[in-house]
Amino acid sequence: MVEDLLHSQPGILNFGIFFLLATVLLLVILGFVTYAILAERKVMGFMQLRQGPNQVGGRWGLLQTVADVLKLLLKEDTIPKLADKPLFILAPVIAFAPSFIVIAAIPFTDKLQFADLNIGLLYYIAISGLTTIGMVTGGWASNNKYALLGGMRAAAQMISYEIPLVMSVLGIILLTGSLNLNDIVAAQENVWYILLQPIAFIVFIIASVAELNRVPFDLPESENELVAGFHVEYSGFRWAFFMLAEYVYMFAMASLTTVLFLGGWLPLFSFLDFIPGAVWFALKFMFVVFLLIWFRSTFPRIRADKLMEFAWKILLPIALANIFLTAIIKEILKLF
Amino acid sequence: MDLETLLSFKWSIMTPEFIILGVITLLSLLDLFMAKSVNRKLLGWLGLAGILGALVALLTLMGNGPETILYDTFRLDSFAIAFKLLLLIGSALVFLIAISYEPKEGLTEYRGEFYYLFLAALLGAMMMSSSGDLITLFIGLELLSISSYILAGIRKKHSGSNESAMKYVVNGGISTSITIFGMSYVYGLTGTTNLLDMARHVITLADSQHIYLLGLAFFMIFVGLSFKVATAPFHMWAPDVYQGAPTPVTAFLSVVSKTAGFILIVRILMVIFYNIPTEGPGSMPLLIKVQDYIAFLAAATMIIGNVVALRQKNIKRLFAYSSIAQAGYLLVVVASMSAFLFDTLWFYLGAYLFMNLGAFAIIQLITQKTGSEDIAEFAGLYRKAPILAIAMAVFILSLAGIPGTAGFIGKLNIFMGALVVEPAHYVLVSIMIATTVVSYFYYFGVMVQMFFRPAANDEVKFKLPAGLGVVIGVCVFATILFGVAPNVALDFLQGNFNQFSDFFQ
Amino acid sequence: MNFAYLSILVFSPLLGIIALLFVPKAKESVIKTVGFLATLPALVLSLMAFFQYRSGSSLDRLDEMVNWIQFGDPNRLGELFSIKYELGVDGFSLIMLLLTAILSTLAAIASMYIKKEWKGYFMLFLLLEVGMLGVFAAENLILFFIFFEITLIPTFFLIGKWGYFEKEKAAFSFLIYNGLGSAVLLIVIMVLFARTGTSNIEALTYILTSDTDHLVMSAGGKMGLLIAMLIAFGVKLPIFPLHSWMVRVHVQASPSVVMLHAGILLKIGAYGIIRFGMGIFPEQFQDLAVLIAVLGVVNLLYGAFLALVQTDFKMVLAYSSISHMGIVLIGLGALNEAGIQGAIFQVVSHGLIAALLFFLVGVFYERLQTSNIPNLGGLAKGMPITAGFLLAGAMASLGMPGMSGFVSEFMAFLGLFKEMPVLAAVGALGIILTAVYLLRAVLGITYGKAHREFAGITDLRGSEWVPAIVLIGIIVLIGVYPNVLTEPLTSALETIMLGIGG
Amino acid sequence: MEMLNLYQNNYLIVFVFLCLGILLPVVALFLGKLLRPYKPYDSKYTTYESGLEPFGDSRVQFNVRYYIFALMFVIFDVETVFLYPWAVAYEKLGIFALIEMLIFVFMLIIGLIYAWKKKVLKWI
Amino acid sequence: MSSVPLSAYLALGLILFCIGLYGALTKKNIIIVLISIELMLNAANINLVAFSKFGVMPSITGQIFALFVMAVAAAEVAVGVAILIALYRNRNTVNIDEVNTLKH
C-alpha cells in the first residue's frame, strides 16, 4: 500500500497520510525518549551500584519519567527581562526540529522507512548540523554569561567534531559508492562495515558522542562549570525541548550507527534470517544506546582544551588517513 | 579517466606552475618548521629562485605551438606564454622589493607568509593566463584576489592596512559576484564552460533573446573585471588600497594583478564575445557593437585617473590614480581592437611593469626612510641622492610618455592601434593625449619636489638595499632600452609568438 | 662615405654628458670648460657639412637609415608600419643645424653666469642641444617628434631650476603649453602614420600630394590635420593667442637658456610649419594662406604694441619676438618665393639677433641685477662697449639695411605686397612700431638719465667678447651678402614651390 | 513519471517531518501555557548569575579562538563537500581520482599543519 | 518534465542578485555587506544549477561550477571576516562609514 502511495501523484491526501504515519513515529520516539531516560538512570544506577529511580513512578519506576514530563509541563515559565524574547522562544524549536527531521531518512528495515533519499547520508549530516544554531541562539538570547559561554562552547565543540564525523563515513561511501542508506545496508550483506572500517567506526562513535553532547564530551552543559550551559535560563517545557532534542538525537544517532556499521536490519548470521529485520534492528539499536549510557557512567569529563585538540589533532588526521587507506586498499584489491 | 589518459597528458607544459606550487609548499613548510631566530628573508630569496626557475622553464617551453591538457582546461598557447613572461618578471621584481621591505612596526611574524602569499597570487595569475575554461579561469582569479586581500592586510596592527584590506575585500567580493553572475548566463546559453566550445556554440546563435541575454552577461562580466584592472566604474578601491597596503603589495597590485586582469579580459572578450553574432550567424560580432561602451569606460577611466591625481598629496595615492589612468590607456587598446591588440597590450604592460615597479621601489625606499608618504618627502632628493632622483625621473618620464622611454613607445603603439582601425577612434585618442598632458602636471610635480625644492633635512643618508638596487637598476635599464630600441622587445614578440595566431585554436 | 656623419653630429653633445659624469660637482671651471668643449664637435661638423655643400657636394650622401621599430608582423606588412631611424638634411635644415650649433656654442659661453649646480645644468644643456640638432636632422615624423619632445624636458628643468623669481611657474606654463602643442602634433603624426603606414617625410609628401582622389584621406581630414599642426607649431612659434607662456619664459629663464629658446626653440615652430605644413599639405595650406597672413599681421602688431608699453627690457624683447615671428607668418602667407625666402631668412636672422640681445641682457644683468629700462639709464657711460653692441643688435632687429633683419623683412613684405597689398600695408605699420619701441627701449638704456653709479662696473671682458662679436659678425654677413643663405636654400625652396604650385 | 512521483513523495515526507518538528513544540508550549501557573514578580525575571546581582553586559567580545575554529570548520567542511562526490564516484574514476584527491588533501593537510604550528588548534 | 519553468529560476536568481547588490552597496555594517555578497554569489549558483538542469543545453558542468563557487565564496568570506576582526581590534567599529582614514 505504501509503495503505491509513494508512486502516486503527490497531493493533499498523501500529505495527510504521511502526516499520520509521521505522528505515529513521533509518538514512538517520544515513548523511546521517556524510557531511554529511565533506562539511563537505571543502567547507571546498576553500574554505580546505586538504585535507579525507585520512590515514585510505580513498578520499576516506569512512570518516573512520565511524572517528570508532567512536572515540567506544569512549571511556571519565565523569560528573563534582558533576554531577546523572540529568539529566546525560537531557540528550542530550532534545536528540536532538525533532530526530528533527520529521522525521516533512516531505514529501520527494508520496508519500514519513511523517505528513501538518494542522498540520505548527506541529508542526515547536513540537517543534523542545524541544531548547533538552536543552541547558540538559545545561549545568545538568554543574555546570560553562562548561557552565552555555553552556547559558544557547544558551537565550537559541535563544529569541531562534525569534521571527523563527516570524514569517517567517507570510508563507507567509498566502499558502497552511494549515499543512499538502503544501499549502504544492502552492501553489508556479507560483512558489516564495523569489520571493514574499524577505524572509521571508532572515530565515528567518538565524534557522535561529542555531537550528542554526552559524557565525556558534555562540556557545553556541564553543571559544575557553567551551571547548565546554554539552557541555564530555560525552564519548564522550553527546557524540556532542549532535552528532548538531545534524546531524539541519541535515537537518530544510534539508528545511524546501526545502519552504517552494524548492518541495519540484516541478521547477524544468514541462518538467523527467520527473525524479522525490525527485531535485528531493535537489538543492534539498543546495543548502541546501551553503549552510550555505558560511556556516560564510566568516563570522566574531558577538559575543554583537550577536547578541542583531540578533535583536530587526533581524530581529523585519523579520519583523513582512513579515507586514503580505504581508497588505496581498494585500488590494490582491484589489481588482483 | 584511467591512468593511461592521465599519463598521456603532456604535464611538462605545466612545469612553471608546478615549480611555483612546489615553492609555495616548500616555503610554507619551511616557515613553519624553521626556528624563530632564523631570518625569514632567506625564504624571500628562495621564492625568488623559484620564480626564476619558473621563468627558465617557461622559456624552454616557448615555440612549441599550442598545447592543451586536461581536456582543454589548461592551454599553453603563445598568448599564455607571452603574458606569463610578464607576470613572472613582474613578480620577480616585486619579490626583490618585498625582501627589502622593513616597515616601522616590523613584519617579523608574518614575513614568511608575506612571501608565499605573493607566490600564491602569482600562481593564480598564471593559471588565469593559461586556462581555457571558465571554471579554472574563475578559480585562478579568486586565488589571485584572495591572496591579494590578505597581502593588503598583512600588517595586522596597522589600521591603514586593515582598512585597505577591508575595502579591497568588499569591492572585490561585489565585483566577483557580478562577474560570476554574468558568467552564469554565458554558461546557461552554451551549456559548457570551455571557452572554445562556447565560442563554437555562440557562433550559431540566432535567437535575439539569447543575444540580449549575452549582451547583459557581457556588461556584467566586463564591469566585474574592471575591478581587477582598476578602471571605471570599479576603480574606487584603488586609491585607498594602494595607500594602505604595504608598498610591495601596492606594487604587486598595480602591476602583476593588473596584467592578470587584462589577460582575463582579453581571453573572455576575444574568445566568447567576439564570436557572438548580433543578428543571426555571420553578422557583426557583439564585441564590436559594444566597442563604444568600452571606449566610453576607457575615456572615463583616463579622465578620472588623471584629473583626480592632480589633487593628491600622498605619493602612493598619487600613484594609485596614475595607475588607474594607465589602466585607462590599456583599455583603449582593448576598445580599439586592432590587429595589433596583443602586441600593443603586451608591450605596454611590459613597459608599465618596469617603470611602475621601479618607481615603487624608490617610493618604498623614501617612505620607509622618512616614515611619511607625503610627496614633500621627495624634496631635495636630487641633492641627497642624485642617482636615485635621476632614476625616479626616468620612471616618471616614462609614465608620462616622454620619448626616449618605454612608456612613449607603448603609447605610440596604442595610438597607432586606435587610429589604424576603421573607423578610427579619433575622439578616444584625443582624450588620451589630452589626459596625458594633464598627467604632466602631477608627474612633474614630483619632479619639482625632487629637483627644485630644498630638502627639509639633509642628514638623512640613503642606504640602498641590494634588492632595491637591483630592481631600480633593471627597471632603469629596461625602461630606457625599450624606449630607445623597442625592436628588442617587438622582434622578440614577432619572432617567438607567431602573431598569437594560435589564440583561437 | 661619411658613415653616420649626421648621427655623430647630432649625438656628439652626449660625449660631453658622459664626460661630465666623471667630473666632481664642485669643480666649476672644469665643468664649464667641458660643457663648452662638448658643443664644439657639432659646430665643427655642421660647418664642414655647410662648406662642403657650398662647394657643391650633394647632401644626399649624408642620409642615414637604420631599421628601428616594426609594428606588427614584418613578413605580412613589409615596409608598412615600420619606423626607421632616418636622418638627412637639405639646405634649409642644414642652415638650421648650423644655426643651432653656433648658438649652442655661444650659449655655452654665456652660461658662465650660472651660479649653481653647473654639472646638472650642463648635462641638461647638452641634452637640449641633442634634441634641437635632432629635430632639424630628422627625416621621419616620429623621429622628429621624439627629438621635439626631448627638447621639452631639459628646457623645463633649465627654466625651472636656473631661472629667476617665478621660474617654476614659468617652467610649468612652458610645459603645459608645449605639452599640449606636442600632444596635438602627436595626434597629427599618428593619424598620418596609421593612415598611410609610413612616417617618412618624403614618402608622406609623395603619398598625400599624389592623393588627389582622396583615397587615403578626405580633404576635410587633411584640412583638420593641417589646422591641428598649425596649432601645435603655433604654440611653439608662438602665434598670437597661444603666446603667454613664452613671455613668461623669456623673462624668468636665465639668459643663456633664453638665447637658445628664442634663438632655436621658437624656430622649430616655423621650421615645422614650413617643412610639414607646407610640405605635406600644400593644397590645404594654400586655402589657409590668407588666414596665416592675417595671423602674421596680428602677431606683428600685437607684439609691437605691447612691446611699446613695457618697462622691463626683457619684456620688450619677449614681445618683440612675438612681433618678429609675425613676419615669418606674413612671409609664409604670401606663398610666393620671395615671401617664403623672407620667412626663412627671418627665422635665421631673428635667431641670431634674439640671441645677441639676450646675451647682452645677461651681461648687464650680471653686473647690475636689473633689466628695468629706467634703472639702466646711462649705460653708455658705464659700459660703452656693451651699449654699443646693444644698439647694433637693436638696429639689426628693427631692420636696418646692411644687417640681416632688413633682408628678411624686406623679402617677406615684398612677397606679401604681391599677393595681398592691403594686408601688407597694415603690416608695414608694424615695422614702424618696431623701430619705435626698440629705439625707445635701447635709447632709454644707453642714453637715458643715469639713475645709478657705474663706478667699479667693468665692460665686456674676456670670453664675453666672443658671442657678441661672432653674432654681430654673422648678422652683418647675412645683411651684406645674403647669398650665404639664398644659395643653400635654392633647392629646398624649389621643392616647396613645386608643392604649392607656385 | 513514476520516478518523479517517488522522488517528490520522498521529499514530501521530509516536509511532513519538518512540519511536525515545528508543530510539536508549538502545540506543547501552547498547551503548557494553559496548564502552567503565572505568578510573576520582579526577581524571577532577573538574569541568573549564581545568586549574585548581574553585572555588566553579558554580550562581551569573545575570544578570537571561537572564530578561528569556525574558520577551520568552514575550510574542512567545504573540503568534505568535494570529497563526498569524489567518494561516490570513486568506483568509476579510479586511480586518477585517487591521485587528484591525494594532492587536494595534501594541500589541506599542509593547512592543518600550518594551523597546528601556528598554535591555532590550541584551546585556552 | 517539471512544472517550474527555467525563467522562474532565473527570475529568482536575478531578484536575489539585486537584493544582494542593493545590500552590498547601501548597507553600513560590513557584516551585512559580506552577507549581501554571499547572496549575490548564491544567486549566481541558482542560475548555474538551473541552467545545468533546464538550460538550453543542459550539462553537469553548471553544478560543478556551483560547487567551486561555493568553495571560493567560503574562502572569500573567511578572509573577509578575518580582516574585519583585525580591523575591529584597531578601530572598534564595523561600520563602513567610520572606516575612512585613508583619504588624501
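Before moving on, here are some points about what is shown:
Residue numbering begins at 1 within each chain, and the chains themselves are lettered A, B, C, D and E in the order written.
To be clear about the criterion, a residue touches a chain if its C-beta (ideal position, glycine included) is under 8 Å from a C-beta of that chain, and two chains touch if they have at least 3 such contacts.
Labels paired with UniProt names: A = NADH-quinone oxidoreductase subunit H; B = NADH-quinone oxidoreductase subunit N; C = NADH-quinone oxidoreductase subunit M; D = NADH-quinone oxidoreductase subunit A; E = NADH-quinone oxidoreductase subunit K.
If you're wondering where the values come from, they're calculated on a predicted model, not measured in any experiment.
Ranked by how close its mean Cα position lies to the mean of all protein Cα atoms, the top chain is B.
Counting C-beta pairs in contact, the chain pair with the highest total is A-D.
Seen from the C-alpha centroid of chain D, the farthest chain centroid is that of C. With centres defined as mean CA coordinates, chain E is found 25 Å away from chain B. Rounded to whole angstrom units, the spacing between the C-alpha centres of chain B and chain D is 41. Annotation: 82 Å between the Cα-based centres of chain C and chain D.
Averaged Cα coordinates give chain D a centre that lies 21 Å from the centre of chain E. With touch defined as above, residues shared between interfaces to two or more other chains in chain D number as follows: 94-95. Along chain B, no residue makes contact with two or more other chains.
Chain pairs that touch one another, listed by label: A-D, B-C, B-D, B-E, D-E. Across the complex, chain D is touched by residues 5-10, 14-15, 18-19, 22-23, 26, 73-83, 92-93, 96-101, 103-105, 114-117, 122-123, 140, 142-148, 152, 155-156, 159-160, 162-163, 166-167, 170, 173-174, 177-179, 227, 232-233, 236-238, 240-241, 304-305, 307-309, 312-313, 316-317, 320, 323-324, 327-328, 330-331 of chain A. Residues of chain B that touch chain E in their complex: 134-135, 138-139, 142, 145-146, 149-150, 153, 156-160, 162-167, 169-170, 172-174, 176-178, 180-181, 183-185, 187-193, 201, 210, 239-240, 243-244, 311-314, 317.
Against chain C, in their complex, chain B makes its touches with residues 339-340, 343, 382, 397, 402-404, 408-409, 412-413, 415-416, 419-420, 424, 426, 429-430, 433-434, 436-437, 440-441, 444, 447-448, 451-452, 485-487, 490-491, 494, 499.
Here chain E touches chain D in the complex through residues 1, 67, 70-71, 74-75, 77-78, 81-82, 85, going by the rule given at the top.
The residues of chain D lying in touch with chain E in their complex are 4, 64, 67, 71, 74-75, 78, 81-82, 85.
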